[in-house]
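Two complexes come next, and they have one chain in common, chain A, joined by chain B in the first and chain C in the second.
So, the complex of A and B:
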């Protein structure tokens, strides 16, 4: 590995960023084609979000299908000649291509002519009054606690928001012996019934959902469909969740009865955002796609971006779910192998064929799920003026509207006017909600794009960036003119 | 309809000139490609310091500093100015020599810089590392919150009656009877006089008038930490000028000093060089060790203009009556308001209190290079 200041970086044929289902499969496919592949992830094991490995020493966690799939993937990785480097946080991507990481004793970097971006999605929470109270956690975040630690995040838990994670989290809590006070789903029953044929197109996944739903029914957990959280209440921490009915578009029904549920934990999430971190940072071509979770790179059918040698796959670059992430990963790995000359175009097509078939077969299912998780503009419009939208900087809806009234017309300018998105979450929490608020006035969400992406891709402690150095090691440029 | 003055470029130079020209009674239009102060003037480090200012600009910078210090009076809107002590550090013998020489020259030009020992420096800035051999200490220092510049000027210009045309790129200039037509995406904007204040883009803008003034584009990198407990209370730099460091009242620390990223006038600052972000961070933590514990949350780059002699291009455009240029001022956020106000005074027919920086000296061959110093 290259140490900064001390010689060149470690050279590889391909660097894969992120070892979830997408990235790991990409790395395996490229390595199986004979390429030297470096696979980087900030976590200690491969598996990503969905196939997260339980913490070491935790035995006796329920043996789930996801745990099995994750273990199988990790075994394939060990058996391969992919150079997997866990515990590496990528903070910079540059050049053609250089990837800088922290996590080892000194900062390191890797260089390769091919870079596959597979860093995964992050969660969206559409703000409501009280969402920053202790005891309110993300729905996707809850899956992390459940999977890596077998942790039930409260004594009486309300599970709320949208999409398939609702049932997954509620069932996961029940399986660990926890209590679910209610499931609150923004989608009305009708929306699920309408999606049913699409969901039935992948019977195994529909069956999985059915098992979870049955478990929730067996535990007699009340399920409120077509409802959303109105506010979270509590003195210093969550005590009650107020919910109320919403219409088909996700807007609260005016004058309708809200009611209160006692709870000490609220797991709430409104789908996933495709952050497109690496492709945005490297300024590949992008487009706005609400179904796919935001501003996503323009990709060909094998995951090639508009920049030569740069590929993207998985939910971080377009929400499609874990199964599609795997196929997309294989395709990107093969594309890199083909472009590097390791396999011929015919060979690539031959090996890609089954994965393209999987991709096609799952499309309906995946679109239906992505549709359930997509941002609902009406829900964003309903955010109250006094509700905090940017929690890092404590900026309310009212302050954002005031900046828009003062003339802020694009996202970067809105950020300058308010500091919204300047905090440590780097606008991951508020970014696409704020864009939707700005779009109310401009009328064109797609044209707003996304905030300019820059390193560090994640916050990095300066300590970790510095490494060991003495003053004379600092390559100080020529002094400015006097 | 014809304006008295059409200004192209809404950075600190264009905006300040517009403000004072309008207050002086002119009817002014400001044509800006994007939003006000979103290039250099909105993304710079905001340091208002004499210790990085070029010697020839010290008299201007001192007056400009006084303007920033009471921005509420002439600008009327907040840009978060903090006036505090500034320290320029030397860690090696070589740097100490450089510092003594440079501080001496700046002092001769009027900057109130004293040379003090490392111990004295530490009493002024308790966050300082050990090992400082010598420091330049200046009481006329401080910083602004550059990202607030656009909002502040937008309000001030509206109140002064300037027609601000944002998101309106200029694409060319035609000379016509009685003045100029600035061609824009929204049609021509006509004026008796023309001021080009386009930052690094003054080179192509002057090109529209057939004038060739080479402008070098610097791509300056900056980084900012998350909010942290107070780790420093002064503006800290080093002798050769490659560090600028300060902590804002809300807790973030901005790390800069002119380390170069990748980009150009056409594409902007497209890429940051990781090695140089690390180098800059090392320098910062070498000076203020408590900074090590902070996390970097963001880095960015902006474009700064530099002429062949690194002195400003501010004055009439030779051979083209009623056309003016204002830009390429080193440490131009510090000095910009004063220098642009000088130009506005000139346009209003007043005798400027300090000389402008005519561009004749910089023009390519025909106009002669004798003026080059």
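So, the complex of A and C:
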């Protein structure tokens, strides 16, 4: 193969993909069992998005519970013998198991008989007219700016969508001294009240939510419950947000008054989509789970997938939140250690017991939160025909419906008809919504499965893979005698 | 976009479409542009519509612009002194 993809290789006992709460705990548990563990992450520091590390050199950021949890995790990682390699973008997983990454300089690959996928979730935004305007950003993206940069994303900010990130982002902006013009929550107050007993099952997290809600109330921020964004307006960038009431299912109420809020930034998100790229790429068994954020691998009670040596944990494999991700990570790390023969089955069960208990104790809270973030099919049905659904290729709801009418019956067909999913985001932004649109006709979302996942998992520059390859490296065989 | 905490990091200069722009070492290109009130980074290839950073975590690819001559995600690329940023993406 000459020098093609010649990147430095390394062998380990376990590779962990993703250094958030789940992956880092998996790596620590496996390493504490005596295994040689490589932990990879795209970002510069461990903590994932939820416990993201503030940039070095910034002072005076609020001392939040998430910052403390992240710092504690990072300290445990430094004190361990886990080989943590940040700044690595995984673009291929193959074999049993090989992980190819692009780092700052050269391509590298890692091989291990055990691979733990902990790649986290990404944002779901149900499209509306104008959501592609500069100044409209994801809710999760806003948390990143707030946590790592001490940044408020605009001068007058509307925070809209669904789930706990709404209050987290609005309170985060207020804490930094920013201005929140409105909070727009698709859930009616009744939905939150209904979830309250379940949320109260983890008092510390309920208290955190209460503190955020109080801060929003103290700042006299208007909170519109049972409302959603109708459209975003502006000339080249966001200037106004139009919102209107929705019914309990999330569909706009016909004939009701929409109204306009002036804003230069809209932070919007409708929950999270599990980023099960690695397990899908390796063709482990999967299932559709609306509550858990989409297509997720089928796991046993320790995070083992249907493929030997392949494990998954954290939000990438079912939205459960950081509260459960840590326990799930430890369990997956212990399972890998047990399967590798580093610890006995009895030892594994003994060490897993407290984490199984935590996992079980937080399930009710986690299910309630996941429920608030789950995709509302009626909201998808209400997308206007002229609204862009696929941002990469500017494909509208109308074009998708036309392809479905023309005979596209599954996701891969729809992709071929429309190019939805062929753009650089590889369907990460629109895939869940597009599947829901297709399911309107077929009636069975679960039967649609998922788009076929193949490498490259993320766009990678060809020159980075080639390294210093030159044509003279190509071996030319002797010509056959005539 | 505005920073609301103390920042001890050194100021550096990047070139954006030929114009010098002050940024702080350690920030991503997407943040540096945003703090300078540059939200539109490119036009979408199909409709030519204005686009800017959206997910800020490397997923959406909306901020993939030319940085030092190569297409890179502005939210995952840190600024460097003299870095050349072009506000254009794939044609």
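By our rule, the second predicted complex is superposed on the first by the 462 of 482 C-alpha atoms of A that agree within 3 Å, B and C clash if a C-alpha of one lies under 4 Å from a C-alpha of the other, contacts with A are read in each partner's own complex, and residues count from 1 in each chain.
Please note the rule applied: a contact is a pair of C-beta atoms (placed from the backbone, for glycine too) under 8 Å apart; a residue touches a chain by one contact, two chains touch by 3 or more.
Everything numeric in this text was worked out from a predicted model, so none of it was measured.
When the two complexes are overlaid on their common chain A, residue A:461 makes contact with chain B and with chain C alike.
Of the two partner chains, chain B is the only one touched by A:98; chain C is not. In the overlay built on the shared chain, the residue A:132 is in contact with chain C alone; chain B does not reach it. Legend: residue contacts after superposition of the two complexes on their common chain; A:476 is shown touching chain B, with no touch to chain C. In the superposed model, A:122 lies in contact with chain C only, and not with chain B.
In the superposed model, A:192 makes contact with neither chain B nor chain C. By the document's definition of touching, both partners, chain B and chain C, reach A:424.
In the superposition on the C-alpha atoms of chain A, the part of chain A touched by chain B in one complex and by chain C in the other spans residues 423-424, 459, 461, 463.
Considering their complex, residues 42, 49, 55-61, 89, 122-123, 132-138, 140-142, 144-145, 149-155, 176-178, 236-237, 265, 388, 391-395, 423-425, 428-429, 458-459, 461, 463 of chain A touch chain C.
The residues of chain B lying in touch with chain A in their complex are 35, 38, 42, 52, 54-55, 91-92, 98, 102, 105, 147-148, 150-151, 154-155, 166-167, 224-227, 239-242, 252, 258-260, 270-275, 277-279, 281-286, 291-300, 310, 330. Per the touch definition, chain A reaches chain B in the complex via residues 4-5, 91-92, 94-95, 98, 100, 107, 109, 283, 406-407, 409-410, 412-413, 415-417, 422-424, 426, 452, 454-456, 459-463, 465-467, 469, 471, 473-482.
On the side of chain C, the complex with chain A involves touching residues 1-9, 24-27, 31, 34-35, 39-41, 44-47, 49-62, 64, 70-71, 76, 90.
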